[in-house]
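Labels A, B, C, D and E are assigned to the chains in the order they are written; within every chain, residues are numbered from 1.
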Amino acid sequence: MTAVDRLRDSRTAVLSLGAVLAMLVLPFTGILSTFHLGLVISAMVLALFAMSFNLLFGYTGMLSFGHAAYFGTGAYTLALALDGQLGFLPSAFESFFPALLLAVVVAALVALVLGYLCVQRGDIYFAILTLALSMMLYETIYTWNDFTGGSDGITVLAEPIELGGLTLNLIDTGTFYYLTLAILVVSIVFIWRLINSPYGELLLSIRENPERATMIGVPVKRYQLSAFVIAGTFAGLAGTLFAVRTFIVTPHTLHWSMSAEPVMMTLLGGPSAFVGPIIGAVMFVGLEQFLSNITEYWQFGLGLLIVPIVLFFPDGLVGILRGDSGGIVDVRDYLSGLVGDEPTGKEDTHE
Amino acid sequence: MSILTVDDIHTYYGQSHVLHGVSLDIESGESVALLGRNGAGKTTTLRSILGMTPPREGEITFKGEPIDGLEPYQIARRGIGIVPEERRVFPELTVGDNIDVVMDDDGEWSKDRVYDVFPALREHQDQLGGQLSGGQQQMLTIARALVTDPDLLLLDEPSEGLAPNIVADLKSLLSDVLDTGITVLLTEQNTEFAFDLAERAYILSKGDVAWRGDIETLQESDDVIGKYLSVGAVEVD
Amino acid sequence: MSDPLLELDGLTKRFGELTAVDDVTRSIHEDDLTALIGPNGAGKTTIYNLMTGVLSPTSGSVRFMGEDVTDLEPHERVHRGLGRSYQVTNVFEGLSVRRNIRAPIIARSKQRWNLLGSTTEEIESETDRVLDLVGLGDIEDTECSALSYGDKRRVEIGVSLATDPNLVLLDEPTAGMNPTETERMVDLVQNLDAETEQSFFMTEHDIEIIFSIASRILVLDRGAVIADGTPEEIRQNERVQSAYLGGEA
Amino acid sequence: AGNQGNGGSGTISVGHLAALSGPFATIGNPSRDGADLAAKQINNSDSDIEIDVTHADTESSPETGVTKARELVQQENIDVLMGFGSSSVAKAVSEFANTQDTLMVTTIAQTPDITTSGCNRVTFRTASNLDQLTTALAQTTDEMTDGTRIAGILPDYTFGQQTWEVYQREMENLGAEVVNETFPSFGQGDYQNEIQETLNADPDIVYTSMWAGDLITFIQQANGFDFFEQIPDFVAGSGAITDVSRSLGSDMQEMIAVDRYFFQYPDTENNQQFVDAWQSEYDEIPVNVGQETYAGVYGVLEAANASGGTSTDDLISGLEGLEWQAPEGTKTMRAADHQAIDDNIWTGRVGPVDDLDFYGFTEMLPVDGASVTPEPDCDL
Amino acid sequence: MVTLDSIALAIVSGIANGMLLFLAAVGLTLIFGVLDVLNFAHGSLYMLGAYFTYFLVSDGGLLASLPGSFWLALVVAPLLVALVGVVMERFIIRPVYDQDHEFQLLLTFGLVLVIDNGARILWGTDFRSVSPPGLIDFQINLLGSGYPFYNVFLIIVGALAALTMWLVFERTRVGKIVRASSQDRGMANALGVNVPLVFTGTFLLGSLLAGLGGALAAPYQSIQPTMGESIIIESFIIVVIGGLGSFGGAFAGALLIGVVNSLAFLYLPSLQPVIPFLLVAVVLLTRPAGLFGKEVAA
């Protein structure tokens, strides 16, 4: 490790510690109302979801377009367990933490089964397979009224938890804020370690060139599957938190449009940076809140924003902050290209 | 009369400045070699000429008219053909279709004529380009460039990956091509091949022209060869 | 003679009508630096693909170090000591040179399932060793996509060597390299073959290189082995002259 | 939220939540207009209580619905949540409202759940629900037709399944038999198979609870098969046919239907005033959900007047057992389950009506709301 | 009770529905095949096709007063959509030709939001419908029961479109040039092919087909701003089943979905909602490049 690396590492450490401290005191500063604190919770939950997605996309090169399947599985498992509908399980699972554990395990198992099928194919076919399998799950839940509540869903009411004399009321915004924060921080540390581990380095090699990775002895599919399961697990975890906040779990949590959210957040934030998905999630929640208060056509505004961001800043917000121009096209070139018939300076980048 | 002049061009890949003022001057009917170590900028020079990576500064004139700022296809249509470095055949077209799509019907080179030069292509004419062996692909790219009926042919390491007998054939083919009056600008690592074919050479080093002159002079200048090409050291036996 | 390193038995590959590899039965020994030559389209790359498991044979089998590997996945063959380089450069474009070399080293170590730790010193020093070996130390931090063709080819070779193979299949290793580098590559291969446990099996169209370093040459034409012998024997062989060398040499 | 009592005067702020975008906006938008009109009238009257309405778009998603509800309650400090186009949004917001001790008045969603198994202290519905509407429709079907062979074409989601359960049960009790049932997906787009199979079964009555876009598509395609010439009676159970009729124009078909409200009924002064007010405000005739939300706002006002306060508790106690006048007639809020009972449920035969450029009731057979309301099934 | 006749009828219905899906999807496969761009906004173009038709033929519409207004609209609406497509290509999609699919997907997803919500702002959320053209609003006798001729008309138009496309792309030099450009645009460009023109032309044709699909759907389905979102996923599935970029594939994929759906209706109604997804998963796992996709060795 070079001196520069070490310096960079310590800077990262200081920055992250600072961020965590700031988040810890945030509720006490009074800057944010209960409602806005709630938005921060939403952003944190979605950030976790997006990070789990980016573990696949940014670090293993797999565009999952069905990531909501695991998010939704986590949410449904929690809802069913809390609702006491999983009669074959001991009643202990009707309380929050055991139910959460169960939900995460079930999400991982579903990811294992579906992932096994998905990793058989690469590139765009992988994306379509993930989409198709998640939509199969969606349709099943949507029509299986008796067990899943069909399109109406299942309401989720997390009873207060007794924890060694302490009562955690998850309905309380402050309490849930700290719970989410704790889960998020632990997950971030885990994922950070993961991508910087030898294992993570091999994931990168798969992202770059799966065929070559095989030829250096990487069991590519097994790695892809393991990353898929890990990503699915975290997505499931995010799903459980989401369920508690929404008071209901509906099939929409598995719909492709839900899968599109982490994709959008990650690309908006910047898939090449570790914090990209987090920034993207915050930006997304903020934009939605901001725009939807101005106009009921807020998605129109969102679309109007996405287009230039992708065109001019493909590295997302992180890219803009870093000051990389490196757009797919340069704004000036683009504009001059519109006026004259000058070539846009686009290079022929074969392969 | 010069067919191509490249005047002080600067070319970039994104931020990285690769060509630092390369100038070339090529007479009609000549064959010129562009030599230099890996990474010297040979390929980039060819790509600049054809507008594939347009230079940010400098000027390129072909047949007396400036061609910078044009799209590659416009430049190509004025009479420049290219054989690229990494055999870019159209992988999902058959050999025959690879040739058909770029064929200039009024040109000198017919399909039969290139098949006569490369019988292997005739044999595999219905096979997909992507399923050819490396060497077969190389033949196909040369054939494909010829049927566009170019006045100037840019060859980026044409002998790479070809069996010795094919290299020999190629050499005589290219001499024939030169005899028809086509101008050739080629890059080569196989210096022997380049020496046999070219009349003049430019040596690039770090994106700039480091030496220019006749092939005979070059063959005698051990210092230049030693400094920029180090031929000879490898003569085995 | 030692046990053969690699044995091909009746190896055949057909693509539709075309028989790219036609009933090849040969073995390759550790003591030799074996070369595979033949005209374009003879089937050399296809044989490599069959040996490494990228393609599965229409019939026949591949044994490596005494074990039948015909049905093994490519990565399993790599773990048993079979490495390869590609004719068309095939590296990890978006990663630095160092990471390119380090990946195969991790892949063959126990560290490969280390999910949460850091790379060990051993891995780093092994990476340094391979970088030095192929002379890429100065540009270890450069991203491969920004390298020239020749440099990429060296990374390509470095990556195959980093898998620490017993047998390395080199598909035209010097293609596109300039003479100095070609010479260095030849030296490197010769030294490694002589001094380490690594053996080489290479294809090359630069016939002078082949004659100077190979101890045994297989000549392939239309998928079949038409000659097999020492460089001298091959030089004399008339069929080889007409099929491949084109009468000069 | 509004739990500080302030006598019989002051302002009640209503947070109106409905789908204002997406396919469900055809319901959400009139609901919004209903709330606005009621508030405007009340504020212009000499009532001591002012109504202040804020709107938010649920985008038919419970997630967005709850977020907006949070914003309305925690940020805007509204006193009453009202509206709710889809069942899942209503259920989610109902749970949320309960945790916040905020009154929630459902004026649109038809799901029985929120006033049965999922009922709670703060949740009320001021409109008839799916159970009541469908039972009424079954009775009317029986009155108006002779046939006994029924076929069902039901959208394959909770609403479709629940309506069919009720309709089938009621019809069987009345002596009919089910000869065929098909479950097209929501938003399916092609109904040729359903049409052909239904025709093959040769039923006397075809029942569907498809609505809006799906029903339009179905009718368009069924027309191609001369479906309606071959089926003696077609029964539409979604509770809304005006928008369908408007879109289809001359391609619309006659049918037996239930509507939560149709502007020509009842023929009372009260209703006429409402229709006039709506027309002068919006330059179009009022549709069912518009009237329901309008009535909901008045219900809340009456509750405040009755209990003399605007705190959540006041409003709850005021609403429980309340009888108040809506354009469509008297509504009675049953205390045991917070489900309103309408005077009349509007059922009858729908067809071309003079002076209207869309279909109206050619034959109206109102059903007494109380007669089709099941016993309370709720544990408050 | 499933009779032979009902099976035959179900198959015909499946084909008619499949043809509509084909028209909706074929432009997607064309644009992907040639430009290597996954156009998420393709469904929105389809939606525009339906809306344009509605506004041309409905009361007060531009063509409403003319005789045969529907037939005119069938020509004019797709052309208008093609115009929108060309503008989209020129200003927004062209710069991302060389980008990863995910960027294109996101960019065109942004376009979906803009177009669909733009339609909402312009035209509101009310459902619209178009009456079938009188000329073909009759029934034919099919196995003893009446069958709408409009559905037969869909089959005819779909088949004609497929045939024309096949002829153009497989049998003409233009087709070869388009395919060459699609496989290596940089190289084709360097060899003298006017690639920008080829690409714009392709996008125009793809949009035109989407517009035609929408126009034909107008008398068949209710029209609403969200109709594009529903068709796009189905279209993705069709083109993947057939093999991305293959016309034959899109044709076979659409008919397969249509027919299998119909048969599932008879035999396995409970599986019907998952059928398309099940099909695509099975096809991808057994024939990775789709039914008609070609596999090229690495």
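Here is the rule we go by: a contact is a pair of C-beta atoms (placed from the backbone, for glycine too) under 8 Å apart; a residue touches a chain by one contact, two chains touch by 3 or more.
What you see is a predicted model; the values in this text were computed from it and never measured.
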| item | value |
| --- | --- |
| Shared chain contacts [chain A and chain B, defined touch] | C, E |
| Most distant chain from chain A, judged by the mean position of its C-alpha atoms | B |
| Averaged-CA centre spacing for the pair chain D and chain A, given as whole angstrom | 37 |
| Centre-of-Cα separation between chain C and chain B, whole angstrom | 29 |
| Interchain centroid distance [CA atoms averaged], chain B/chain D, Å | 76 |
| Residues of chain B engaged with two or more neighbouring chains | 13, 52, 71-72, 86, 88, 131 |
| Residues within chain E bordering two or more other chains | 117, 120, 184, 186-187, 189-190, 273, 297-298 |
| For chain A, residues contacting two or more additional chains | 142-143, 211, 297, 299, 348, 350 |
| Chain B residues touching chain E - in the complex, by the definition given at the top | 50, 52, 71-73, 76-77, 81-82, 84, 88, 90-93, 97-98, 100-102, 128, 130-131, 144-145, 148 |
| Chain E to chain B touching residues, read off their complex | 173, 176-177, 179-180, 183-184, 186-196, 294, 296-297 |
| Residue ranges of chain B touching chain C (in the complex, touch as defined) | 13, 16, 36-40, 43, 85-87, 120, 124, 127, 131-136, 138-139, 157, 160-169, 189, 191, 229-234, 236-237 |
| Residues on chain E engaged by chain D in the complex (per definition of touch) | 6, 9-10, 13, 16-17, 20, 117, 120, 125-129, 131-132, 137, 139, 145-148, 150-151, 219-222, 224, 226, 230-231, 262, 265-266, 269, 272-273 |
| Interfacial residue positions of chain E with respect to chain A in the complex | 38, 91-92, 94-96, 98-99, 101-103, 105-107, 109-114, 116-118, 120-121, 184-187, 189-190, 233, 236-237, 240, 244, 270, 273-274, 276-278, 280-281, 284-285, 288, 298 |
